[in-house]
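Below, chain A partners chain B and then partners chain C, in two separate complexes.
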Partner chain A sequence: MRWTNFSRRSCRGFFVGSAYGLLALGMGLVYGVSGIVNFAHGDFVSLGMYLCFALFTAFALDPYVSVIFTVPIMIALGALVYRFLIKPIAGRQLLMVIQLTLGVALLIQNGLMMAFGGQPTRAPSMIESKLFLVGDVVIRGAHLVACIVSFALAILLYVMLQSTDTGRAIRAVQQEPRAAALMGVDVGRVQVMTFAIGVGLLAIAAALLLPGLPIQPTQGLRFTVITLLVFVLGGMTNFVAIMLGGIVIGVAEAIGTIYMTHTLGQLLPYLIFVAIMLFRPQGLVWRS
Partner chain B sequence: MRPDFWPALRSPIPWALLALAATMPFLLPNYYLHILTITLVYAALASAWNIVGGIAGQISLAHSLFVGAGAMLASALLVKLGINMWLGMIIAAAASAAMGAAVSFIDYRFRLGHLSFALITMAFAEMAEIYVTNTEFLGGASGLFLPKDKGDLLAFQFGGINGVYWIMLGMAAACVAVNFAILSSPLGYNLRSIRDNENAAQAIGVGLLRNKTLAMTISAVLTSIIGTIYARYLAFVDPYLLVSPVLTIEIVLFATVGGLGTALGPALGAFILAPLGEILRGHLGGFLPGLHYFVYGLVVVGVILLMPAGVWPSLRDRVLRKPAAAGN
Partner chain C sequence: MLEMQGVTAGYEGVPVLRDVSVNVGRGELVGLLGANNAGKSTLINVISGIVPIMSGRLMFDGEDISRVGAQRRVELGLVQVPEGRHVFPQMSVRENLLLGGYNRKARPERGANMDHVVSLFPRLGERLGQLAGTLSGGEQQMVAIGRGLMAGARVLMLDEPSLGLSPLFVQFIFEIIDKLHAEGMTILLVEQNLSLTVRHADRCYVLERGVVAVEGASATVADDPRTRAAYLGM
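Entry: the complex of A and B
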């Protein structure tokens, strides 16, 4: 019985963790290209969820379907935010950029609060109640979808970075912006684009995390923190390690609460984070 | 040229302003006095944070730890063990100093960059909130109620809002004065050199550990004391307010809007934003919850884009018609 509980928990942690990995991929991409850590990251996730929620209440769209609409909206929003808010101060003091993104976080969070109210709500999906049985482990459909889509997107992103011109431009800017500019890469455009892609990924991640999860406008900071944990665990720019980091955090979160006291279980992801930050600042994996 | 600390202290202007501010309880109705008191709390917190975040350039997001220690620990010692709150305030301040020193030591020992420092302190802040809300002694998730304020000074009771206002006024003035004193002392020069280039500062013989720890400890002790007074004023000590990372974000926001690294900027930032927030919340919070934070967000984005050095340096330069001295 205990064993079943353990495997169910770790499965759930694994699936949710892969979505966390997807969240952190967006952050890693932006950090690599622009050197920016976006503290409004989690609030963009919130925004994505509330867009799905709005589409659900207005047209009864399933969150997975509404992705068709939320992704372009979020990509456009990301491009605008980068072009008009972040770009003017990029390269200045780090604190300024952090403050600015915190300001954006306040705007999104409280904009949502004003539009939708502070009560927790849900946007149900058709497959939310679907369950699969593997051995004696029950797997929820939404978690399975989250896991498959996350890995598919991660692989797609990886292929895109490796073997398209856009991807090469992004990697060039990541390695050496000045040299990239000399080779004719429009660095500014690449930065806007990666930020927009990063935010677009969040729209998808939002839909993946949404089924079964009560949402609240104030949840953004929590997602930001989870993303930061994964991001650091993955050594900030290493894609494979970031996905791995997501799974580590997801499993730690899921298992921590059954094997340790309640407090320690909640603290576990942060303890891992601090330990990694101090002893392995390059992340869990040696080489990319 | 920065005004030197002692001449500024001897000049009548700050004292006159302070005396004027001290008459407010006789002039203002209680509602506005409450707003002013809250503003002073934030002005003091932002000034105390400025020692670490502004002058030394260490983006600490862990200050809710110190506010929390001052508020929750001192209150818990009083409510659960019956220890006098003055003594509790000192114990909490000592605990905060120790935590601050530990954070600085970790920073020094592992040579954390700015980003890593910000992230680690944020993790500490998150952990502190989880720990406090799960610890029965510190009030757990439901918080603590302090005994009624009977005006007994010996028991850390200031007799209602007037007393708290005066105490907070003194505290805020002290925090600003400490900022002034540090800015015009060797410590201030050391800290600014660390902020501008840590390696170069170390190369010319500025002790990183000593200076960073000193700055963090001073800031932590001040923050903790403010936390204790704030807890006494609120009477209901709520961990989701006082140990919340959001509190730190507000403090950092006020300091940045006002002007980082200046003595008066952070207090000015609090005086602009805190009353605005309180009034918006008071009048519109009922049907538009979140509006005041939304306005904060607008102000902070606007200020960073339009006057990146902060409101106070921009104002000062405009009035004195001097080119902005970098980072002062």
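Entry: the complex of A and C
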């Protein structure tokens, strides 16, 4: 019984962790190209979730279907935020950028509070109650979908970066922005585009994490912190390591609550994070 | 082909170049000489559209391109190979070259340009899959020049291509420059190395603290006492 519980939790952690990995990929992409750590990251996830919620209440749309609308909306929003808020101060003091993105976070949080009220709510999906049995392990349909879509997107993103002109341009801007500009790459456009893609990814991650999860306007910071953990754990720009980091944090979070009291269990991801940072400060996977 | 007419330009309102006129004819190999901080790099950055012009004009193929954006200038064929090479270290040689051909005009010709680059630098052909960051300085310079050719350069601007290279590689790079020149490429060569440049270039300009101190055929520039004065800052 104990063992079943452990494997069930691990599975759940693995699945949810892959979605955390996706959250952190968005952050890694933006950081690589613009050197910006976006502290409103989790609040964009929140926003994505509430957009799904709004579409559910208005048209009874399933969150998975809402993605068709939320992704373009969030991409457009990401482009606007980057172009008009972040770009003017990018490259200045790090603290200014942090303050600005924290400001955006508060703006989203309070905007959601105004529009939807402060009480927790839910946007159910029809797949939510679907369960699969593999051996003794019960797997929730929504978690399985989250995992498959996250990995598929990670692979898609990787292939895009590796073998398309746009992907190469993104990597060129990461590595040598000046030389990229001399080769005719519009560096500013690439930065807006990656930020928009990053926020668009969050819209998808939001829908993946939504089923079964009660949402409230103030939850954003929790997602930001999880994303930061995964992002740093993954060595910031290494894709494989970021996905791996997501899984480590997801599993730690899921297992923590079995063996320890609830509050202490929730600390486990942070303890693991501190331990890894102490002994492997370069991140989980290193590169020559 | 390329004509800079009385250009004053610099950074944040402080002029580095003052009333500079330089012209490069089609198929010419023109040397741009001068000591450190004479304004050589600023001059080619003005041509690349990275440093704005305060006054004067920049003409290319008879058209005023003073206000044309940096990206568009690459498409027109004004391509700079930057000082210090600046290859993309985490990309393979092949990807570096492909990125060189990123601009709209050059993209359809990437295959042919790649063949040309590999024939000029057989050594790169052997290392297409290797990460550019792991190459020697000389090989990186080959990648940087190759990348410029991939961009469909009509005027190739080389900023200190010999910088930090072993004598053997310097010789090799200059042989390549001669070869490109013989193929009819227009080249603007920025160098500190006076004797090497005057041996290869058709004409030279010597910059001194932001103004053209000496200009003319390479041999006369080399013999002009003002050239030496410009280098020594006298």
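In the analysis below, the second predicted complex is superposed on the first by the 278 of 288 C-alpha atoms of A that agree within 3 Å, B and C clash if a C-alpha of one lies under 4 Å from a C-alpha of the other, contacts with A are read in each partner's own complex, and residues count from 1 in each chain.
Methods note: a contact is a pair of C-beta atoms (placed from the backbone, for glycine too) under 8 Å apart; a residue touches a chain by one contact, two chains touch by 3 or more.
Keep in mind that this is a model prediction, so the values were computed, not measured.
**Q** Regarding the shared-chain residue A:Gly184, is it in contact with chain B (first), chain C (second), both, or neither?
**A** A:Gly184 contacts chain C only, not chain B.
**Q** So, A:Tyr270: does it touch chain B (first), chain C (second), both, or neither?
**A** After superposition on chain A, A:Tyr270 lies in contact with chain B alone.
**Q** Please tell me which partner, chain B or chain C, touches more residues of chain A.
**A** B
**Q** Of the two partner chains, chain B (first) and chain C (second), which one does A:Asp165 touch, if any: first, second, both, or neither?
**A** second
**Q** Looking at A:Asn110 after the superposition, I want to know if it touches chain B, chain C, both of them or none. Which is it: first, second, both, neither?
**A** A:Asn110 sits against chain B, while chain C stays out of touch.
**Q** Given the touch rule stated above, what does A:Gln175 touch, chain B (first), chain C (second), both, or neither?
**A** A:Gln175: touches chain C, not chain B.
**Q** Which of the two partners, first being chain B and second being chain C, lies in contact with A:Gly212: first, second, both, or neither?
**A** neither
**Q** Residues of chain A touching chain B in their complex?
**A** 37, 85, 88-89, 92-96, 98-100, 102-107, 109-114, 117-118, 217, 221, 225, 228-229, 232, 262-263, 266-267, 270-271, 273-274, 277-278, 281
**Q** Can you tell me which positions in chain C touch chain A when the two form their complex?
**A** Chain C residues touching chain A: 48, 50, 70-71, 74-75, 79-80, 82, 86-91, 95, 98-100, 102-104, 106-107, 147, 151.
**Q** In their shared complex, at which residues does chain B touch chain A?
**A** Within the complex, chain B contacts chain A at residues 53, 57, 59, 106, 110, 112, 114-116, 118-120, 122-124, 126-127, 130-131, 134-135, 245-246, 249, 252-253, 256, 260, 288-291, 293-294, 296-298, 300-301, 304-305, 308.
**Q** Over in the complex, which chain A residues touch chain C? Could you list them?
**A** Spelled out, the residues of chain A in touch with chain C are 165, 168-169, 171-172, 175-176, 178-186.
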